[in-house]
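Could you have a look at this structure, given as structure tokens, before my questions?
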């Protein structure tokens, strides 16, 4: 986890280091004098060599959790990020929960009715679901629910009604992905020998399905849900911009337009850190469900203690 | 033979699988009887229809890809193919149970082994949870595993141990009929004998009838009373172990025996049966064994043979055997 | 020297058998797809879209830059089936021209990313040890940055434009092919046909080129096809937030961005480009699903 965060920080910093042109010149505008530009560069530490700048930046994040200042507003980025992160997280997590509670049952249902009408219909709709861009879905939802019917606010923050459209627009693709994954992994598990064993015990079909097949089928789904969280965090950026939700994403999109590159970089890194934390959580959940993985973890811990 | 003596009676059973539009005839009119307390060995090559026959008796063939196209199966004289799924569930695991071929995959990897045994006990007995746990532990002990291992998961067990757990599941409701589908094939040779002993011992104790599916004539010799040889989805020779072993009539059965290594003779090489088993999606018109038969007759390639009682209690599906026996008699 | 000659000779000898085998495999796959109605529909739509992109100037009723300030923001009508935008440009013509950008960016990015990925995957699997470790740790890091954010970051650095977007989006296609190729090389290492190849003294790099890469072809083709759909969506997203292809180029994502503020009065400007993104990605996904089933019939049952 720590090496990953470190690696991500270094990688993003290095990519951003290669921004062509002089961001300071762009920031200060065409009327700025060379002296002003030079002063600003020195002020931002842009004249230091790569390694020094990298060291300062990474050291700041790792040791003090300090992402530096915004180049445009001179305000600390960390403060702003931490203020905004809860909103982004709320949207992403709410979307994840919706994906799970809608996507997985659809997948189970489709697997049970494999190749029949309802399965085909559900899977065709799911395929459409993963074929639409989130931002367009969001706009279409605004068109329908806000402009046409006027039942939900088109943008802004406030009560829960402000989050319904963003969260559903963001979840749609994930619901479809979860449904597809659950279906295919259910179909694979249903063919397993241990399902035949379960049937041979005389237990009900429901019990075979929910006690024996589903928990095993969910193992790959959990990984997909974890990876999907990466897509949700990325998608949240665009969704926030559309619905004017002041989260990390909107901060970042604003910073892209203002060429406030430290903010762009820091936003990406903090979202990557959140993603890494979630993947860690996914591993733990996986271990809780799958005793084989749990045994591996326990084995590692034991050997570590011994060594 | 009175009705009550017959535990299981299979009549003209046929099973088909469909795969990518191709129809595969796995079982083609199999009939046999199994008397109470006895063991019938069902012998044949991979793909001969042994497992499909057993799964038909349990009615656990995969719903989507397969179906029983003809035949009846009587359990203690009662037809079970027409039972509802609900009625069938009361039979599965309680009256009839099954031991599967591959213990590595037969257990649910994420449920404790004890729970997997307890599940079948609680399903068929109205007892408390505590009693069912105690009973599951008893079953573990019975198959030679410490009851303390109730809370462990399948991956913590060796292959032989897993098969013992599968046996414990199968026997935990004292079934009257046990279907053992190559119970030792997937195990190490050294473990095979142990597991087979366990099955035999428990079967005696519980007075269970058993259908033992195997391709190993040695297993038949040591564990069975009767034997039925299955080829291309039909029984080609059947009788008590003694008559079939002493006097194999069908050329295929004879071939099986010739392919065995003999202890006394110092044979240089074993005699394999030439050719390949028939393609179940494209069966020959005449005798299924015809293309491989060392003594093909004139009409063998065109005419289907019937299973005929050649000597008392000894059935064979071969015209040549019938003729030879007649000329001897 | 002898070695190279020997290699060339044996390659020629095997050539005919190999091509024959590959052709017949292709035939089988094509037949399976033709039998699968949904995959066939996907394929047909895909062909139609490609034809639309190629022959855009002949199909489109107007030029995509042609402004008609007398007829701005008009709703769909007979003259302008998809309506006109704020500058009076015909939305349908722009949508038709837009297919050029979306489709080509999707295909080229995936081709580029997959090639890079296969190269590094082969190196990782072939050399193993430290090289493998470094490559794989790098891929781990790459994958722990949400793909959208990585594409945005790289786009910020490279600046907007067709070629730069393509580069930025190709990075997303790298990790999958690295992992696939590396895994197959590691998995195949122990397999018998490789032992057989080694036992007849075949060189390792030759084994990789002639045995392993053909064997990973199917999974990479399937994942690559699905990835094209994904890249088209990401490309539209980049343009939507102003990082991809810039107006007045009629890219679907930037058309949606352009019409966004007019969504109340003239929703058609936003609706039609989106529908075409959906149709493009849907047909690619339908075809990809069919391809997967055709290449691996086991999965279908």
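Think of it as A, B and C in the order they're written, each chain with its own count starting at 1.
As a convention for this text, contacts are C-beta pairs under 8 Å (C-beta built on N, C-alpha and C of every residue); 3 or more make two chains touch, one makes a residue touch a chain.
Predicted model only: the values in this text are computed from it and were never measured.
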Chain whose average C-alpha position is farthest from chain C's own: B
Best-connected chain pair, where connection means C-beta pairs in contact: A-C
Chain centre separation in whole Å, for chain C relative to chain A (CA means): 22
Whole-Å gap between the CA centroids of chain A and chain B: 53
Where chain C touches two or more other chains, by residue: 301
Junction residues of chain A, two or more chains touched: 191
Contacting residues of chain C [partner chain A, same complex]: 38, 137-138, 140-142, 144-150, 152-154, 156-157, 159, 229, 233, 236-237, 240-243, 253, 256, 260, 263-264, 267, 270-271, 273-274, 277-278, 281-282, 285-286, 289, 299, 301
Contact footprint of chain B on chain A as seen in their complex: 114-115, 191-194, 196-205, 211-212, 215-216, 289-292, 295
Residues of chain B touching chain A in the complex: 55, 58, 60, 62, 64, 85, 88-94, 97-98, 100, 102, 105-111, 119-120, 123-124, 153, 155-156, 166, 169
In the complex, chain A residues that touch chain C: 3-4, 7-8, 11-12, 15-16, 18-20, 124, 127-128, 130-136, 139-140, 142-143, 147, 184, 191, 230-231, 233-235, 237-238, 241-242, 252-253, 256-257, 261, 264-265, 268, 271-272, 275-276, 279
